[in-house]
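Two complexes come next, and they have one chain in common, chain A, joined by chain B in the first and chain C in the second.
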Partner chain A sequence: MKKLECGKAVSGALRQYYRDIWEKRPLAWSVVSSNPLNDICNLLGIQVAYPENYACVCAAQHLSEKYCTIAESNNYKSDLCSYIRNNFGFLLDQGSEHPLGGLPKPDVITVVSNACLNYIKWFDALRLHFDVPYVLLNTPHKMSQDDDPSLYVDYVAGEIEEAIKELEKISGRKVTSAKLKETAHYSREQGKYWREILELNKSTPAPLNFPDLANLIFVPTSLSGTELGLSLLKQAYEEVRDRVKNGVGAIDDERHRLILLNIPPWYRLGISSYFAEKGCVLPFGDYTRYVWCTQDIDDSDPLEHFAYKALGMATDGGYGSSTVETLYGPLEKRIEEDIKAYNIDGAVVQINKSCKIMSTGGLDIARFIRDKMDIPVVVLDADQADERFYSDAEFKQRLDAFFDALGE
Partner chain B sequence: MKYFAGIDSGSTTTKIIIVDEAGTIVASEIVLSGSNLRESANTAFENIERRHGIRRDQVVGFVPTGYGRFLLGIDSKPISEITCCARGSVALLPSARTIIDVGGQDTKVIRIDPKGTVKQFSMNDKCAAGTGKFIERIAVSLGLELEQMVQLSLDSSSKISISNTCAVFAETEVISRISGGEDLGSIVRGLHYSLASRVGTQLARLGLEKDVFMCGGGALNAALVKEMSEVISAEIARPEGLDCRLVAALGAALIARGKQGPVA
Partner chain C sequence: MDSLEKLHGIISNAGEYITGFKQKSGKKVVGVMHPIVPQELIYAAGLYPVRLFPMKKETITKAHESLQAYTSSIFRAIWDQVLKGGFDFLDAVVLPESCETVTYFARGWQYNRPGDKVFTFSGVRYHKNENGEKLFRKQSERLIKSLEDLSGQKVTDSALADAIDLYNENRRLLKEIFAFRKEQPPRISGTDFFAISLASAFLDKQEANAVLGKISDELRKTGGAGDRSKKRILLSGPCIVDKKIYESIESSDAYVVADDTNFGLRSFNSMVDPDKEPIAALSNAYADVPCPFSTSAETRLRVLEELISEYNVDGVVFAIEKFCEAETMDFPYLEKNIKEKLGKPVLLLETEFLGDLAPIKTRIDAFVESIQ
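Let's look at the complex of A and B:
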């Protein structure tokens, strides 16, 4: 598999980001998705750490068994999302060495109620753990995809204004309207480049494989609303565009193009090489296409831009608790369109023990793809960040039969 | 004479089938897998040579399958058990379109086309209460042989619902039912029904297409087949003249032979 040249710059930014978390203050612990307060924090010079991302790092370092066991021994039930259990396992395992040096104690916690149903409780538990200020952006949940988010924009914009006041107190700086406009602009432009990259991935051969996208997602999530984030995504876009122009694929011998549904097991991203050996590339996943930066949001009124972002406009692909009507109907339609657009000939559907939101209806989607799209489907069972629920032999047993069904 | 071998290295047993150039089964062996899968496969080959006089150098094509397919040290492309099971099933019953394979470690439901190509499949490899281990485990705790369990179930005119969804807790439930004076036959039939209904749920997700063919160790259990047939409201065919556990090995041997079609 070919790595992106800009991957070095992204890795450098990631290392710098973790250094800054330790060296600079103040520090927020924050929900990553649908949270415009991250953009505001970046604007105010508040470093932002994402426990959700860090849980992925812990899982990728094969520490999930240790951390989840510690969390469960401390009354965090095994049914909870493994991001939460990894996070509390890490926090309660003081005295040990942790990946990337760990995460330092925050000065503030920010959360948006749209991000995920679990996160309000998770971050509330963090508030109790650290006893620090807690800034909650309360956002109404839409009842369906047809709900008009503009009905709630004024309310959410007001919430953001209140939150800005709190964050200004913590940072000791002021948000100017010029800076807010600039941040909204970076946020919008990042979204544009992300979507452009995903569009380019419709090409055959696909310039990017799923792990490339999963690594790149660090930029529009952790560096949201920053000039650095925009410049990295622009760099990635230009490189991907060149790959398309020169017919360069992410894998050497692309014979099959697969859709990947649900959050991958972060501790086994290497399984993609098993796919690549069979000539299978994963140019399209719901996690990379329907969760982040899914729509263009006008930035002429920055507060409105961020309000729409909080209302799930950026995550409005059918997932996320921003929409009560999550997995049915609209998602099937989008998947059908995208399977055609990406020229997909097989589907990998993961049932993820941790994520009820993304897994509820997963079997219905699998059936829809199998029956309506008439392409082979494999259903895998695992957990996004709890390695105890993964079996390599079972994965490969199912995948081998799936590869046989795909044909040479 | 040239021969072709299918080797199914499973969690409990290693199965080998040898077919000749016409696809006729000429020998088969089942040995316990134990902890060294390569050694078990060698033992099975030695048994074939001793009992059937077929030397290993006469076998010109091998296909390893099963969970241990990568570990046998055989220089041939491993093929998944699902593909092999499908090929073996359609060779034995050309009209088979839905296969239920109840093994000790997992249960598979496979939909195939007339050529034996896998269309779709579903596996339960997470929950022991949906596999053959469920019945085996409870037989041990009741101090019964499997054959006795089967007969008790077949003789019982009623069944008691075993509600627990976990194999371990179901065992506790069974013991408490017995302590409560419930009829042993009804309990044992309830256990078979419980496993059958779990597999039935798995099958419902894929959709049933007739004919239904059942294989794997679970197909040896007549009580399970009877309950399963009632749950899915369809007749279930089983291998005739061949141990139900050998179907994937047969498919592997036929793939090694490179042709498909009914076994001569």
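Let's look at the complex of A and C:
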């Protein structure tokens, strides 16, 4: 598989980001998801650390067995999301070496409820663990077709204003309207380039495979609303555009194009090589295309921009985030359109015990793809960050049968 | 007590009662998940609100087509019984943004049964400020419109005021009966109180209040009878719908003297201020429902601390349904504080719809015996 040149710049930014969270203060612990509090923290010079990203790092370094076991022995039961268990395992494992040196103690906990409901409880528990201020941005979920974002935008904008006041106190700085406007602009532009990259991936051969996209998503989420984030995405976009122009694919011999639904098992990202050996590329999935609400949101009123971003619901015929909109109705339509546009000929639907929001309804979606789209579907069971119950042999056995169904 | 025996019978045949009352009253039935939906709005629209719970003790078979085994078994059982026709008496349901399974499956219900009337109530979990009250108002207005369309009856100010009074009276009576357990021995067992609170969740509120009034009067006249040396247990958990948990504790050397559950305290703890503008009053009251998905573990600890102190509790049993993440997430903090700050022993039980209670019973016996 071919790596992106700009990957070096992204890795450099990631290393700098981890240096910054150790060297600069104040520090927030926050949620990655389409979260305007991160844009505002970045604006105010508050460093942001992401326990969920860190849980992925721990899982990728095969530490989930250790951390989940520690968390479970402290009553964070195995039913809970493995990000939470990795996180509390790390926190409760005092005196050990941790990947990247661990995460420094926060000065504030911030959370947005658009990610999933567990996150609110997780970050509430972190607040109580660290005894630091807590900023919660509550955003309603779309539970029915008539839940229009315009119903909620005033409420969420009001909540953001309150959050800004709290964050200003913590940083000792003020959010000026010029700065807020600039940040909203970066946020909107980052969304634009992310969408452009995903559009380019409709090309055959696909210029990017799933792991490329999973690495790149660090930029519009963790560097949200920053000039640096925008410049990295521009670089990535230009490189991907050149790949398309020159017919360069992410894998050598692309014979099948698959959709991947759900969060991948971070401890076994290398499984994409197994797909690649069989000529299968994964040009998009809900995790890279639907979760982050990178739809185009007008930024002329920055507060409103951030309110719509936080809501994550579809606006003006666009697509919101599947975590907020849940998995039904619009998602079917969207999957149907995307399966056609990306020329997809097989679907990998993962059921992931840790992520209820991305798994509830997954079986209905699998049935929809198989019956209505008439393409082979494989349903796999794998947790996102708890490696203990994963079996490579079982995974491959099911995949082999799926590859047979796909044909040559 | 005849009234109590009657209620024990009714909770075993909830569907029969609901169908009977529907026929008798001519009212349409609206099923409600969780204690955070303002049922007063439904009642004021001339409808008959009932809380949803698995009304039959049937093995879950059909729900697995669309709900994984690692979602709430109580909700899976409800969905299973919906699919099998067990809830055919329902004319609509109200699903709030609440626990993970209900929130994420609200769309699943609409998707799988497009003919059903599914009303939702989003985003009002953390509305404890002025801005939140505006959201609650907006959501209430939307719900009222759907309810009016369903019943063909307007929600007038006076109907809403009457509904608030009726529901407050129900809460007052439940609180009064709940408090009869302060004494040692308590005047009413936990098992009996469970039957009362579960029945109140689906009985027509006027009928419920009449029965509760009678029970309260009788309890006021009689002193508690029983062993004074038995241990006093606080039971905390989400949707406890099986009285066997109570029976298991009370057949040990213990009384369940207080319970913090979705069908118990959380459903009647918050009174609605009748002197305030109705929607603002409802917003205030429902903001205080101490459900884990709508409040911090810190707030829940305060509620539990008060119960432990007021009801002279010897030990706390958490009966947490498997895959109820919000409860599970709060548990480590609550356990630590109850043990360390209050010096009370804590037992965690993992429950599941129709789960085997034999191993649980053994653990309860050992726990009760270990309490000093």
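One rule holds in what follows: the second predicted complex is superposed on the first by the 391 of 408 C-alpha atoms of A that agree within 3 Å, B and C clash if a C-alpha of one lies under 4 Å from a C-alpha of the other, contacts with A are read in each partner's own complex, and residues count from 1 in each chain.
Just so it is clear, a contact is a pair of C-beta atoms (placed from the backbone, for glycine too) under 8 Å apart; a residue touches a chain by one contact, two chains touch by 3 or more.
Owing to the predicted nature of the structure, the values given are computational and were not obtained by experimental measurement.
Student: For the overlay on chain A, clash or fit between chain B and chain C?
Tutor: Here the two partners, once superposed via chain A, fit next to each other without clashing.
Student: Here's one for you: vertex at chain A, rays to chain B and chain C, all C-alpha centres; what's the angle to the nearest 10 degrees?
Tutor: Result: 80 degrees at the vertex chain A.
Student: Of the two partner chains, chain B (first) and chain C (second), which one does A:363 touch, if any: first, second, both, or neither?
Tutor: both
Student: Quick check on the superposed pair: does A:291 touch chain B, chain C, both, or neither? Answer first, second, both or neither.
Tutor: In the superposed model, A:291 contacts neither chain B nor chain C.
Student: Given the superposition on chain A, which partner contacts more residues in chain A: chain B or chain C?
Tutor: When the residues of chain A touched by each partner are counted, C comes out ahead.
Student: With both complexes overlaid on chain A, does A:32 touch chain B (first), chain C (second), both or neither?
Tutor: Neither partner.
Student: In the superposed arrangement, which partner chain does A:401 touch: chain B (first), chain C (second), both, or neither?
Tutor: A:401 sits against chain B, while chain C stays out of touch.
Student: State whether A:155 touches chain B only (first), chain C only (second), both chains, or neither.
Tutor: The second partner, chain C, only.
Student: Considering only the touch criterion stated at the top, classify A:393 as touching first (chain B), second (chain C), both, or neither.
Tutor: A:393: touches chain B, not chain C.
Student: Answer with first, second, both or neither: which of chain B and chain C does A:55 touch in the superposed model?
Tutor: Neither chain B nor chain C is touched by A:55.
Student: With the two complexes overlaid on chain A, what is the closest approach of chain B to chain C, counting only CA atoms, in Å?
Tutor: After superposing on chain A, chain B and chain C come no closer than 7 Å at C-alpha.
Student: So which bits of chain A does chain B touch that chain C touches too?
Tutor: On chain A, the residues that contact chain B in one structure and chain C in the other are 363.
Student: For a test of understanding, state which residues of chain A touch chain B in their complex under the given definition.
Tutor: Listed in rising order, the residues are 363, 367, 370, 376-377, 379, 381, 391, 393-394, 397-398, 400-401, 403-405.
Student: Using the touch definition up top, name the residues of chain B that touch chain A in the complex.
Tutor: Within the complex, chain B touches chain A at residues 67, 78-83, 106, 117-123, 125-126, 205.
Student: If we count contacts the way the header does, which residues on chain A are in touch with chain C in the complex?
Tutor: Chain A reaches chain C through residues 74-77, 79-81, 84, 113, 116-118, 120-122, 124-125, 128, 136, 138-147, 151-152, 154-155, 158-159, 162, 325-329, 351, 353, 356-357, 359-364.
Student: Considering the complex alone, what residue numbers of chain C touch chain A?
Tutor: Going through chain C, the ones touching chain A are 65-68, 70-71, 95, 97, 99-101, 103-108, 110-112, 118-127, 129, 131-132, 134-135, 138, 142, 292-293, 296-298, 322-323, 325-326, 328-333, 335, 348, 350.
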